[in-house]
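Can you read through this structure? Questions will come right after.
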Amino acid sequence: MGSVFGRFFKIATWGESHGGGVGAVIEGCPPLIPITREEIQVELDRRRPGQSSITTQRQEADQVEILSGLSDGLTTGAPLAFLVRNKDARSKDYDEMKDLYRPSHADYTYTKKFGIRTWQGGGRSSARETIGRVAAGAVAQKILKLWAGTEIVAYVETVQDIRAEIDKSTVSRTQVEANPVRCPDPEKAQLMLDRISEVRKEGDSVGGLLGFVVRGVPAGLGNPVFDRLEADLAKAMLSLPATKGFEIGSGFEGTLLTGSQHNDPFYMDGETVRTRTNRSGGVQGGISNGEDLYGRIAFKPTATINKEQDTVNTQGEEVKLSAKGRHDPCVLPRAVPMVEAMAALVLIDHLLALRAQCGDSFLDEPSS
Amino acid sequence: MGSVFGRFFKIATWGESHGGGVGAVIEGCPPLIPITREEIQVELDRRRPGQSSITTQRQEADQVEILSGLSDGLTTGAPLAFLVRNKDARSKDYDEMKDLYRPSHADYTYTKKFGIRTWQGGGRSSARETIGRVAAGAVAQKILKLWAGTEIVAYVETVQDIRAEIDKSTVSRTQVEANPVRCPDPEKAQLMLDRISEVRKEGDSVGGLLGFVVRGVPAGLGNPVFDRLEADLAKAMLSLPATKGFEIGSGFEGTLLTGSQHNDPFYMDGETVRTRTNRSGGVQGGISNGEDLYGRIAFKPTATINKEQDTVNTQGEEVKLSAKGRHDPCVLPRAVPMVEAMAALVLIDHLLALRAQCGDSFLDEPSS
Amino acid sequence: MGSVFGRFFKIATWGESHGGGVGAVIEGCPPLIPITREEIQVELDRRRPGQSSITTQRQEADQVEILSGLSDGLTTGAPLAFLVRNKDARSKDYDEMKDLYRPSHADYTYTKKFGIRTWQGGGRSSARETIGRVAAGAVAQKILKLWAGTEIVAYVETVQDIRAEIDKSTVSRTQVEANPVRCPDPEKAQLMLDRISEVRKEGDSVGGLLGFVVRGVPAGLGNPVFDRLEADLAKAMLSLPATKGFEIGSGFEGTLLTGSQHNDPFYMDGETVRTRTNRSGGVQGGISNGEDLYGRIAFKPTATINKEQDTVNTQGEEVKLSAKGRHDPCVLPRAVPMVEAMAALVLIDHLLALRAQCGDSFLDEPSS
Amino acid sequence: MGSVFGRFFKIATWGESHGGGVGAVIEGCPPLIPITREEIQVELDRRRPGQSSITTQRQEADQVEILSGLSDGLTTGAPLAFLVRNKDARSKDYDEMKDLYRPSHADYTYTKKFGIRTWQGGGRSSARETIGRVAAGAVAQKILKLWAGTEIVAYVETVQDIRAEIDKSTVSRTQVEANPVRCPDPEKAQLMLDRISEVRKEGDSVGGLLGFVVRGVPAGLGNPVFDRLEADLAKAMLSLPATKGFEIGSGFEGTLLTGSQHNDPFYMDGETVRTRTNRSGGVQGGISNGEDLYGRIAFKPTATINKEQDTVNTQGEEVKLSAKGRHDPCVLPRAVPMVEAMAALVLIDHLLALRAQCGDSFLDEPSS
């Protein structure tokens, strides 16, 4: 279980790192949306391995095929199915992993739960699974852009203790894509690059924080009580591999303020209700207020390292592991399109939910 | 929408702060579970207002009635329905709020989304809604305890910059209940109490961090991909009012480490696979490994304060607000049973999911 | 499980025939719908026992209380909760049933499944559960009427072999309510009444067919593949107690025709695409085409009879049962509002689904 | 929407008659189930076109590829993805259909709902979509057989007015597969074959009734209230193309009996509670009682015929249609494996639901 996301714009992903391929099905996509294979491919290219010196050298072209749901370049309302074949399956690299549990990986828990696991390259727990999400997210981003002018930008904010300065109101994808770290602060990006290269040589890995901002969010997205917008974003982000934390708006640091410091005063910007500050992060009472939505996600250092580690094997013996698989010394650069995809999937789901319950009058007015 | 939580052990809450009452329905509760009204009431008593000098003075006995689903003190597999009547409805206190939007509250977003809101006391966005969750969570905790010996303890870890020292492996509810702040570090609890009393006098409010630990978690809870245990916990916690962040295990601080520092080495504890450290927070690959589950939730300072604030009214005019409603200067003490309830609801849901897909052999072996 | 219905306009019912009461929660109701307690009560009055000489003499006023979700007579988008207290609990009547399984009732299967049952009056399997459905259905019917002018009429078409002549295009609720059988053919209604009275005296029971027609159905309701409109109607109707069959349009008799006889030719009625015949029953490819929706439901003879029957008890002994509980000799008259409610719940759910995926432009044009 | 079925053993189908292919994803499949490509292929071969003189001459090998979810021939608990490529795409045959609506097809309603349709061969409404269901159903049948010895047999019971005599307690797949009509009464099968050949020559089509029986059903499958076993079966069956009715047990004819005639008396068969008759059709109170489950589905005559018909085109003009596409003069023979698949999908879903709520002790005892 667990491979279905969304209630209205529903996606199901499938596939393992080794085998026939990976993919996704989108259920509930609105009809008449123009979308091309290339628009999806461009997002997959940002996600794929082997893009730069600091990502895994595993080479996968990851060419996507759209199997269904389009007619003359438009969605038809029927399910969209995506397929990406697996190519570079050097499963010999993983032979050693067959009988032992890699520390801080899913090997042990999958085996304990299911009584079986596909041990090559992590099987279902492989980051390769996120291909389906990114493909589906590309469709979601297209609809959000067409309908509401929504723009989602994620970026690397910290690597370990190196913290970038980022202006959330202006940060653009162009800035993010300007360097292989995907950090829009060029100076700090270079420091991060150096740090990643360094730990890589040591066979080690690092983590950090990804930030994201969404501009052009229609007010009214999110639901009272359980399906708050930030709750669904939190779930979406913590469903990504290697994540350990999520915050919206002022987040953890906001706990240091008093209420009178933290509250966002309302004012009128012409006909539009706005807030002078935005510690809420664009969401109040679980529902978007039209201000920019922003937050952060904590990614732990990659669990796969090339240093010797203590572990146990499937026979219950304590053993040493020296992993030699190719891996990313830092997952954050490749996680940027994943975070954007997940944000888009949450937003489109709530946008359809809003239409269902309240109609689509919200589309008549440009979002603030 | 948004008032239903869970896929297997499903709850629906309903009700507003003013009106007929609040309540919840549990769908999918296993049969033959012994549960009494008193076991549920004890949790509601920990949540109710007016318990101490630092909670709102609104007086509500919050006596729960179990309307269905029991026979001779045992659950029957039919829905359990809970009802708590509203009592102390001083809606005059809220007259002023009728026509304006309180900063950092749900007033504006609810109105924008639905075109209407019940303005008395926050209506559906009132923390009173959590009564239904706490009642349902009491049932969930009972089952977890009976079936797996699971024990959930939440506690106040920080209030603003005051940080308690807490030993997660031993912290108990008795320690937590020993003072009105619900902080198990008595010295820091007193400092927190003083701080809360102080801001209260100033008509202001404070926030902080709630920690939680779950001991006796069966291995195998959680699903690959989207319904990871930590993802569902993140959603559950960020669905609580006033929350701005969530972290599991090493969380945000873990991003400062390298992989070789962060990974949890496995070892054998007799027949059981254990980890020497627990930076994972009891969950690997989205699935519990049998170690203690722990994390933190950030609560912002209460939005309701008694200081004058800038805002706008429903006519689009900029106005001043001086709220006089009774409120909590710090929501954290009363949030403790809510966090425990939400954790329990996530765990029981995954426990039933595990039974559905993999059978219930996991109950034969004691959890580590 | 099993007490939740709908994906967008979601209802959860709860309660047993004996105990605190019965009720329902509606999740996802659109805001700004005017609805009164009286509009709901009028439907419950059509469903309640003791209305006429041919329904059970169990007396229950079944007064509904709306606990939440309304503000100034309008829905707010928050859950609507309904409560009807149980009154006339003569559980002594059921003492005999405690230890044995009534033939063709749920007693045995509930016990087998759950290991426990509330034996008084059928517990959760009691027709009293349908109170929640009828209340929720009243809200659904109100919305359908307001938004699309939709009108649902159900009626008794046969009792055993007595078959009424009914003109589906004109049959009205007034005609249906004109006699206690709820058969709009007055002559046949009298024959049915006589038959029911007769079997009642014999302590026996009868079944028959309920027909329904929906006029003013917007085109576009229903989904390809699994959630076809007729599939969801079939499920809805077979979820009612005592049902054994469902057909849409030409149904079982349509299997006697050839394709050229059965197909519904299209023609233009001004600007509107219409069909000359309507063997499809208003639905093609699982989606409404704007023609009248109609079908039939088969209700078995009531399982509760006052004749001696062979059965077994909970100790596995073969015994005789002479039920003395008050019951309906024919469930069809009271099932009329239940069928209307279920039809409305299916239609409103698909109407919100249509809005979610395709927007609400369908509301701009009057349905054919 | 509408392409997802099931709550626990969840399937999503995708694909159109023309395009990249068709397929399905199974979510929630239990691990450690042995399943081969061949076991799935054998069911697809029973469904595929071109098998005999009375099915469509469209030739499709329909070779299935399992893309994920298996390891060493065992399911892993991860999603199973199936792909069948489209081959024989003579879309020229459909040119004529591009601009008009075929009577009693989905052409008009899809266009009305979505504003677009894939007109080649019916697009998403094509019976080709059922490939995904049959593949998933093969897995479901395997699990049911392994865990509970469950056996599902569907068969053609009538073609128009030709009615076969079938002994539900003994009818076998071997008998069903003995002739191209899939009617286990050889004499009537010949009459049916003649009738189908005859209408085919006339360019016309016929319908009929499919019966099914399930032997070896564990008691306890199905839920009170909405998710009754027969309600879910009704939905499943009416989600198949060309269906117009469903009945369980005594069905429509049972409405002619009195309660004393219709009730199924209980008796003891050794330690097992059994019923002497089985008018209930194996389900009481919505839950299986361990007796054989049986019912019937009404299929209308195929809408595609080779006779001239009145219709309208997309410009709103009344026109004549003379379809020349290859088609089945009678869908029933090929619907047999579809009905078996849908029955299996409902049963496995309820079996996992039973495990979730009540544990899997039901597997310890052989079903009656």
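To keep things simple, chains are lettered A, B, C and D as they appear, and every chain counts its residues starting from 1.
Rule of thumb we're sticking to: contacts are C-beta pairs under 8 Å (C-beta built on N, C-alpha and C of every residue); 3 or more make two chains touch, one makes a residue touch a chain.
Not measured: the values here are computed from a predicted model.
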Item to check | Of B-D and B-C, whichever chain pair has more C-beta contact pairs | outcome: B-C
Item to check | Over-half contact-pair match to A-B, picked out of the listed pairs A-D, C-D or A-C | outcome: C-D
Checklist outcome for this item: Separation of the C-alpha centres, chain C versus chain D, in whole Å, is 26
Next on the checklist: What's the distance between the Cα centroids of chain B and chain C, rounded to whole Å?
Outcome noted: 39
Checklist entry - Distance-wise, how many Å sit between the C-alpha centres of chain B and chain D, to the nearest whole number? => result 45
Checklist entry - Which chain D residues sit where two or more other chains touch them? => result 1, 3-4, 8, 13, 28, 31, 77-78, 110, 113-115, 124, 224, 353, 356-358
Next on the checklist: Under the stated contact criterion, what part of chain D meets chain B in this complex?
Outcome noted: 7-8, 28-31, 77-78, 224, 352-353, 355-360
Checklist entry - Where on chain B is chain A touching in the complex? => result 1-5, 13, 101, 103-110, 112-115, 124-125, 129, 158, 160-161, 199, 204-209, 219-220, 222-228, 230-239, 243-252, 254-268, 271, 273, 275-276, 279-281, 283-290, 298-305, 307, 309-312, 316-318, 353-354, 356-358
Checklist entry - Quick one: in the complex, what on chain B touches chain C? => result 1, 3-4, 8, 10, 12-16, 19-23, 25, 27-28, 31-32, 65-71, 74, 76-81, 83, 110, 113-118, 123-124
